[in-house]
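These are the structures in question, set out in turn.
Both complexes below contain chain A, partnered by chain B and then by chain C.
Let's look at the complex of A and B:
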């Protein structure tokens, strides 16, 4: 594994771990989702560069489009839950708790 | 040049680590900005300047700006930044997990240096990333329309989620 591959691969794993072990804020989890998307963008761009397949360059742009949709929806959920619960603390989202 | 690319790769991973260690979101966004600037410089070093420009404008200038405004919802009196022992503990633990996995997997040749780039062959050629993305309008027209339709639907999804009053999706008051 070349160092650049290690870099975006470990960035993806860091963000996945940060999403799994989130602490207080919902927006921190959304930021970890964004950084997962960023590392995937860089990885897909490197695929098209290293294999010299120029038509694959549209795939990271497409992924950026769908990630923008996901980020907008996540932020709308953040705003809606902040309106309801008063803050975006994750321990307030406990309606399903037994 | 090789060491510059390696440095940008390290900056990228360190910036993402700054987000993933879950500090207060004010500081997490700084880490994400650093990571996206390093990723943009990385793509520039590899030669695909169009994709780097798209990353800068759409991701950094569009999505991250919206995120920076939205972290105003995460206001707290004493935001725990990178000096907080919980944040540093998270960062150290994540690095230990990743590099423990590397050592256990035998590094897999992570010390080989080699980067292939787009060739500079002069002015009267079409660059690979420009020609690739422009295929969105020719062979990729179906996916282009699907992506545009998805964006339009997302607009209405967001509208319904934040509408509030008596017809909103998540609303108790």
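Let's look at the complex of A and C:
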């Protein structure tokens, strides 16, 4: 595995760990989700550059579009949870426990 | 909800599902999964109740992370093998990551923690969509890659799902959580046979969809959100109550109802594949879920609520029956004699 591949694989894994081990705020979880998408963008762009497949150049942009929609949805959920729960603290989301 | 918004969300759900199940390229499959996730978030949170918003938050975080992991696993496979075809997923690490990602999307153990809470926070019809339609695209991806998946991992997850779905459902009184745990146990049955016979896994999923839809539609008619509301529904819709009992027993897998067909065929196939201890284990573990199905059936149909005899009963209003409920309930009770045809046409 070349150092280039190692860079975006480890970026994805660390952001995934950041999402899994989120502590206080919902915003930090959304940021980790965005950085996962960013590392995927770099990986997909590297594919079309290294393998000289010029028809694949659209795919990183498509992925970025969907991740932008997802970020918008995440922010809407953040606003909704601030309106109903008062803050974006994750330990307030405990109304539905078994 | 605004009819334009509802129609846009419904169309997006159908579009996302169709894109994923008919795709050959991993990026298109990921696109369909994302469209599905985005479309169902407003349907979960539409009542703006704090529980609904919390359910939408938990659903969004888990599903978005799982979609990113699906795309990451396909990208690692592409860097190693040089192609993005869904059926040619050969690299073992990529298959492991893909199995974990789809397990998060479906709600298999040990990634099941979001599922009961999300179902509890969403309205009954959205819970029906979450249990049936949203499971179809990830399951399709598992079916397409089934020949390169790890059987030991899937069997372990399947047995744990059936066990936890049974045990954790025993202490519940809220109907949506009971149905969530029933969904987790049925996913265990689907996952255990996925590697050996994908057609049988698909048949199990179809029958589970029919039975679960019949239960959800019946519960929606009587607006039963917990066990005490089910107990007093016999005065309002007596025929639906009796049918609900039969559909619940069919979900439990009792012959001669339809739910027995997938369990029988799966145990037969597992025994043919020399996996008799696994077959025995999964059959015994589904006895746990039989207990809470029996409790629901008992409280809805076989006993009367603890009222005094001169308690005022609710009027029996003749509500017009809905055709989908009737059709799905009939299918979920009467399809067992057609099992050779069902096994052949799936």
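Methods note: the second predicted complex is superposed on the first by the 97 of 98 C-alpha atoms of A that agree within 3 Å, B and C clash if a C-alpha of one lies under 4 Å from a C-alpha of the other, contacts with A are read in each partner's own complex, and residues count from 1 in each chain.
The rule we apply is simple: contacts are C-beta pairs under 8 Å (C-beta built on N, C-alpha and C of every residue); 3 or more make two chains touch, one makes a residue touch a chain.
Not measured: the values here are computed from a predicted model.
K.L.:
Applying the touch criterion given at the start, work out whether A:45 contacts chain B, chain C, both or neither, answering first, second, both or neither.
P.N.:
It touches chain B, and chain C stays clear.
K.L.:
Quick check for you: in the superposed arrangement, does A:14 touch first (chain B), second (chain C), both or neither?
P.N.:
first
K.L.:
Should A:96 be classified as contacting the first partner (chain B), the second (chain C), both, or neither?
P.N.:
Touch partner of A:96: chain C, not chain B.
K.L.:
Return first, second, both or neither, reflecting whether A:80 touches chain B, chain C, both chains, or no partner chain.
P.N.:
Touch partners of A:80: chain B and chain C.
K.L.:
In the overlay, answer first, second, both or neither for which of chain B and chain C A:54 touches.
P.N.:
first
K.L.:
In the superposed arrangement, which partner chain does A:64 touch: chain B (first), chain C (second), both, or neither?
P.N.:
In the superposition, A:64 touches chain B alone.
K.L.:
Between chain B and chain C, pick out the one touching the greater number of residues of chain A.
P.N.:
B
K.L.:
Would you sort A:33 into first (chain B), second (chain C), both or neither based on which partner it touches?
P.N.:
After superposing on A, A:33 lies in contact with chain C but is clear of chain B.
K.L.:
For chain A, which residues lie in the overlap of the chain B contacts and the chain C contacts?
P.N.:
19, 62, 66, 69, 73, 77, 80-81, 83-84
K.L.:
Going by the contact rule set out above, which residues of chain A touch chain B in the complex?
P.N.:
Listed in rising order, the residues are 1-4, 6-8, 10-11, 13-15, 17-19, 21-25, 27-28, 30-32, 34-35, 38-39, 41-42, 45-46, 48-50, 52, 54-58, 60-62, 64-69, 71-73, 75-84, 87-88.
K.L.:
Residue numbers of chain B touching chain A in their complex, please.
P.N.:
So the residues of chain B touching chain A come out as 5-6, 9-10, 12-13, 16-17, 19-25, 28-29, 32, 35-36, 39, 42-43, 46-48, 50-51, 54-55, 58-59, 62-64, 66-67, 70-71, 73-74, 86, 90, 94, 97-98, 102, 107-118, 128-129, 131-133, 135-136, 139-140, 143, 147, 150-151, 153-154, 157-158, 161-162, 164, 168-173.
K.L.:
Over in the complex, which chain A residues touch chain C? Could you list them?
P.N.:
Chain A residues touching chain C: 5, 9, 12, 16, 19-20, 26, 29, 33, 36-37, 40, 43-44, 47, 51, 59, 62-63, 66, 69-70, 73-74, 77, 80-81, 83-85, 93, 95-98.
K.L.:
Hey, which residues of chain C end up touching chain A in the complex?
P.N.:
27, 30-31, 34-35, 37-38, 41, 45, 48-51, 53-58, 60-61, 64-65, 68-69, 71-72, 75-76, 78-79, 82, 116-117, 120-121, 168, 171-172, 177
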